[in-house]
Each structure stands twice: as C-alpha cells, then as structure tokens.
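The structures considered in this document are given below.
Each of the next two complexes has subunit A plus one other chain: subunit B in the first, subunit C in the second.
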Partner chain A sequence: MATITIGIMDPPYESANTPTAFRLVEAAIRKGHNVNVFCYEGATALGFAGQKPHANAVHGLSLEEEDHPNPKEWVKSLLTFAGEKKVKLVWCNCGMCVDERGVENQVEGVCRGSPVDAWKYSEASDGVLLIGTE
Partner chain B sequence: MSRYILIQSKSPWESGDVGHFYALARELGDRGEVTFFLVQNGVMAARTGASDAGLDGILGGKVRVLADDFSLRERGIDAGSLKKGVGSGAIDEVVDLLAGGAKALWH
Partner chain C sequence: MAKYLSIIDSSYRATIEEQDDTAVWFTHAMKNGGADVSILLRGDAVNYAVSGQDAKGLRFGARTVKGPDMVRDIQAVIDKKISLYAVADDLAERGIPASRLIPGVEQVQRSAIARLIETHDRVLSW
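Take a look at the complex of A and B:
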C-alpha cells in the first residue's frame, strides 16, 4: 500500500481535468492506496454542499431524467468508497480559498487546511501529482 | 534510474506548450525511464494520420507512450487506429507509477 497525493485546482463544471482527477483517485483507492487530495483555489468548490441538480428544459428532461451529476456527489462517493476499501482518503481544502468563495458548507468528510498541509502530504507520499489549471 | 510519468492533457493544436512537453519527455528519456501518458484531448495526436511531428519524434524511442483508454472511447477513437508506438492504457498505469515513486508532471 502506497500513499499518493493529488492536487486539484480547477473549479467544478469547468475542465475535463476534474473528472480525470476523480478517476485517478478512484483507481488509487481501488488498488488499495491511501490518497490525499488537496483542493486549491476553485477546486475547493468541488465538495460544496449547496450544489443542486437541475432539470434540462432544452431537452425537455425532468430533474430525475437529467440525473445531473454534481461533483459533491462524486466527492461523497469517493469518501465512501475509501471507507469500504479500508484505505484513507483525506479530502482537504485550502481554507483561505474556501473563505474567498463562500463555500464553507462542505459535504461530510471534507476537511480544511492550508498549503502547509499540502506540503506535509507531499513529503509523506510515495507519489505526488499536481493537476494545475491552464 | 529515475522514473517519470508525464501526463499530456492537451492536444498540440490547442497549446504551443505541448511541443515543449514532448521535448522534455525526449530529454528525460535519455536520463531515466519515462512514461508519456496521453489523456483528454492529448489523445487526439495519437491517431494514425494526425500531423504532429512532436509526438512522432518520441515514438519508437526510449519513451513509453500510452493513450488513456477512457479518453479514446469518449472521442470515438478505436485503440486499433493509434499510431505505431502508442499503446492504449488504463489510468491505473498512472496510479501504479505514482505509487512506485515516479516523479510526475501534468500538462
């Protein structure tokens, strides 16, 4: 079992980087590794509990038919998956970035930290990947 | 010997930096073990017939080049239509390298 740290910076609904990051975290958990995720800048909104699914009026789909996947649900699923696999998933937000964006209300299991924590996670990890924005 | 995983998420037609990333992979390949993993729009250059001298320059050399199978499926690219020297790989390959201590760079 190894420990991997992944840094994410893109906000939700903006970039294909986000689903790729989710896929990496899922694969690492599935393989039995501990994972630290450090969300910086816009990525701190990934776990914002206030996200709401919506219907699609253009396609005439109801909320249920549209089944819009909010990123907070993916964060929750990954935290649950880690528990099932008995590995540790730390999902840590940069606290200052959270405050700037007013996204303090996060799904259960997301913690608050600072870039110092990102440094500590990296130091204690076998592998580190930062997925930066443009 | 150092091991590296370089992840290319952009196509060469959307960012001029892509060419520099190919060059970095080629140079690192002379000093270590390099896997170049194409993901998202990065896989577009791996299609047979795609004109990208930068990618062509690292194929068949010391750098192992893989294209993310999920990104290929999303874009309707058959794994059998990739350039010679590009393999289809799962994102698990990246996880294995990270877990094994490879140095990682994302572009």
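Take a look at the complex of A and C:
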C-alpha cells in the first residue's frame, strides 16, 4: 500500500482536469492506496456544500431526470469509499483560497490547511502529482 | 435582429459535471429565446459532430455519473434549425470521415471560415 498526494487547482465546472483528478483518486483508493488531496485556488470549491443540482430546460429534463452531478457529491462519495476500502483519504483545502472565495461551508470530512500542509503530505508520500490549471 | 455565430473550439471542458457542453447549451438557450444563431465547430470541438460517442460508465465510489450525451445535444441543435458547421480540415486532421458525422452537420473548409463570419453580425468565440 502506497500513499499518494494529488494537488488539484482547477475550479469545478470549468475543466476536464476535474473529472480526471477524481478518477485518479478513485483508482488509487480502489487499489488500496492512501490518498492526500490538496485543493488549491479554484479547486477549493469542489467540496463547497452550497452547490445545488438543477433541472435542464434545454435538455427538457426535470431536476430528477437530469440527475445533475455536483462535485461535492463526488467528494463525499470518495470519502465514504475510502472508509469502505479501509484506506485513508485526506481532502484538504488551502484555507486562504477558501476565504478568498467565501466557500467556507464545505461538506463533512474536508479539512483546511496551507501550502506547508501540502508539502508535509508530499514528504510523507511515495508519489506526488500536481494537476495545475492550463 | 442580429445573426450570431458561436465558434466553439474548446471542447469537453466540463462536460462531465455539466452533462453537456456549456457553449452548445448557451447557444441552444439563445435560440429558445428567439435569437438567430449558428454554430461552427473547429479544432478538437469537431469531435462533437461524431455519432455514436458514449461517455457513460463513470462513477466515483457509489456515485454514478450520467455524463454528457453529445449526440443527443447536437441532434437537438440540428432539429431546432440551428445551422451547425464543422471545419472539414479539422475533421480530416483527426481522421474523422463524413460517414461518422451526425446527419445534418455541414462541413466548411477552413478557407471558407472568413466568408461564413461575414454572413453573421456577431461572433461568440468559445
């Protein structure tokens, strides 16, 4: 079992980097690895609890039919998944980035830290991947 | 009323979270509101015109993601009488033959883009 640190920088609803990062986290957990996720800048909104699904008039679908995914649900699901697989998933936000955006209200299980925490996660990891914005 | 041309280059940006392409969606919503709009797919966005694509099957833990249905959305655009163009050179560079395109997609040569723009009053570049 390894420990991996993944840095994410893109905000939700903006980039294919977001589902790619989630897929990597899911794959690592599925294989039994511990994962530290450090969200920097816009990525701190991934766990923002205020995200709401919507219906889609262009699709002609109701709220239920659209089943619109919010990344906060993916964060919650991955935290639960890690518990089921008995591995550790840390989902840590850059605190100042959170404050800048006013996204303090996060889903349960998300913590707050600084670049120093990201460095400590890195030091304690077997591998590190930073997915920066383009 | 002004004629709008949405030129979509950036593709598959957030199609998993949004379950569609935001530029295609925005243009379609404009049409629903009464606007005169057309769409030009260029660069990697020409892949939106390919039939049979399927983004289903993604899940994070127990959370299954429906994903986008680009074939549905492009077909809906065409059904709504929104002219939908794709740059033929970009299709050819990506090895996409005409037989793979969703019926109703019109191909335009790269050299004809300027002329196409001239037939519209306003351009939205995505």
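We adopt the following convention: the second predicted complex is superposed on the first by the 134 of 134 C-alpha atoms of A that agree within 3 Å, B and C clash if a C-alpha of one lies under 4 Å from a C-alpha of the other, contacts with A are read in each partner's own complex, and residues count from 1 in each chain.
Quick note on the criterion: a residue touches a chain if its C-beta (ideal position, glycine included) is under 8 Å from a C-beta of that chain, and two chains touch if they have at least 3 such contacts.
Computed from a predicted structure; not experimentally measured.
J.: Check the residue A:Pro71 against both partner chains and state whether it touches subunit B (first), subunit C (second), both, or neither.
T.: A:Pro71: touches subunit C, not subunit B.
J.: Who does A:Arg23 touch here: subunit B (first), subunit C (second), both, or neither?
T.: A:Arg23 contacts both subunit B and subunit C.
J.: Report for A:Val37: first if it touches subunit B alone, second if subunit C alone, otherwise both or neither.
T.: Neither partner.
J.: Using the superposition on chain A described above, determine whether A:Ala45 touches subunit B (first), subunit C (second), both, or neither.
T.: neither
J.: Compare subunit B and subunit C by how many residues of subunit A each one touches, and report the one with more.
T.: Of subunit B and subunit C, the partner in contact with more residues of subunit A is C.
J.: In the superposed arrangement, which partner chain does A:Phe81 touch: subunit B (first), subunit C (second), both, or neither?
T.: second
J.: Contacts for A:Ile8 in the overlay, against subunit B (first) and subunit C (second): which applies, first, second, both or neither?
T.: neither
J.: Pick one for A:Leu130: touches subunit B only (first), subunit C only (second), both, or neither.
T.: first
J.: Common interface residues of subunit A with subunit B and subunit C?
T.: In subunit A, residues 16, 23 are touched by subunit B and also by subunit C.
J.: What residues on subunit B touch subunit A, complex-wise?
T.: Against subunit A, the touching part of subunit B is residues 7, 9, 39-41, 70, 90-92, 94-102, 104, 106.
J.: Hey, which residues of subunit C end up touching subunit A in the complex?
T.: The touching residues are 12-20, 25, 28-29, 32, 58-63, 65-66, 72-73, 76.
J.: Mind pulling up the subunit A residues that touch subunit B in the complex?
T.: The touching residues are 2, 4, 16-17, 20, 23-24, 27-28, 31, 33, 126-132.
J.: Applying the document's contact rule, which stretches of subunit A touch subunit C when the two form their complex?
T.: 12-16, 18-19, 22-23, 25-26, 29, 56-59, 66-71, 73-74, 76-78, 80-81, 84
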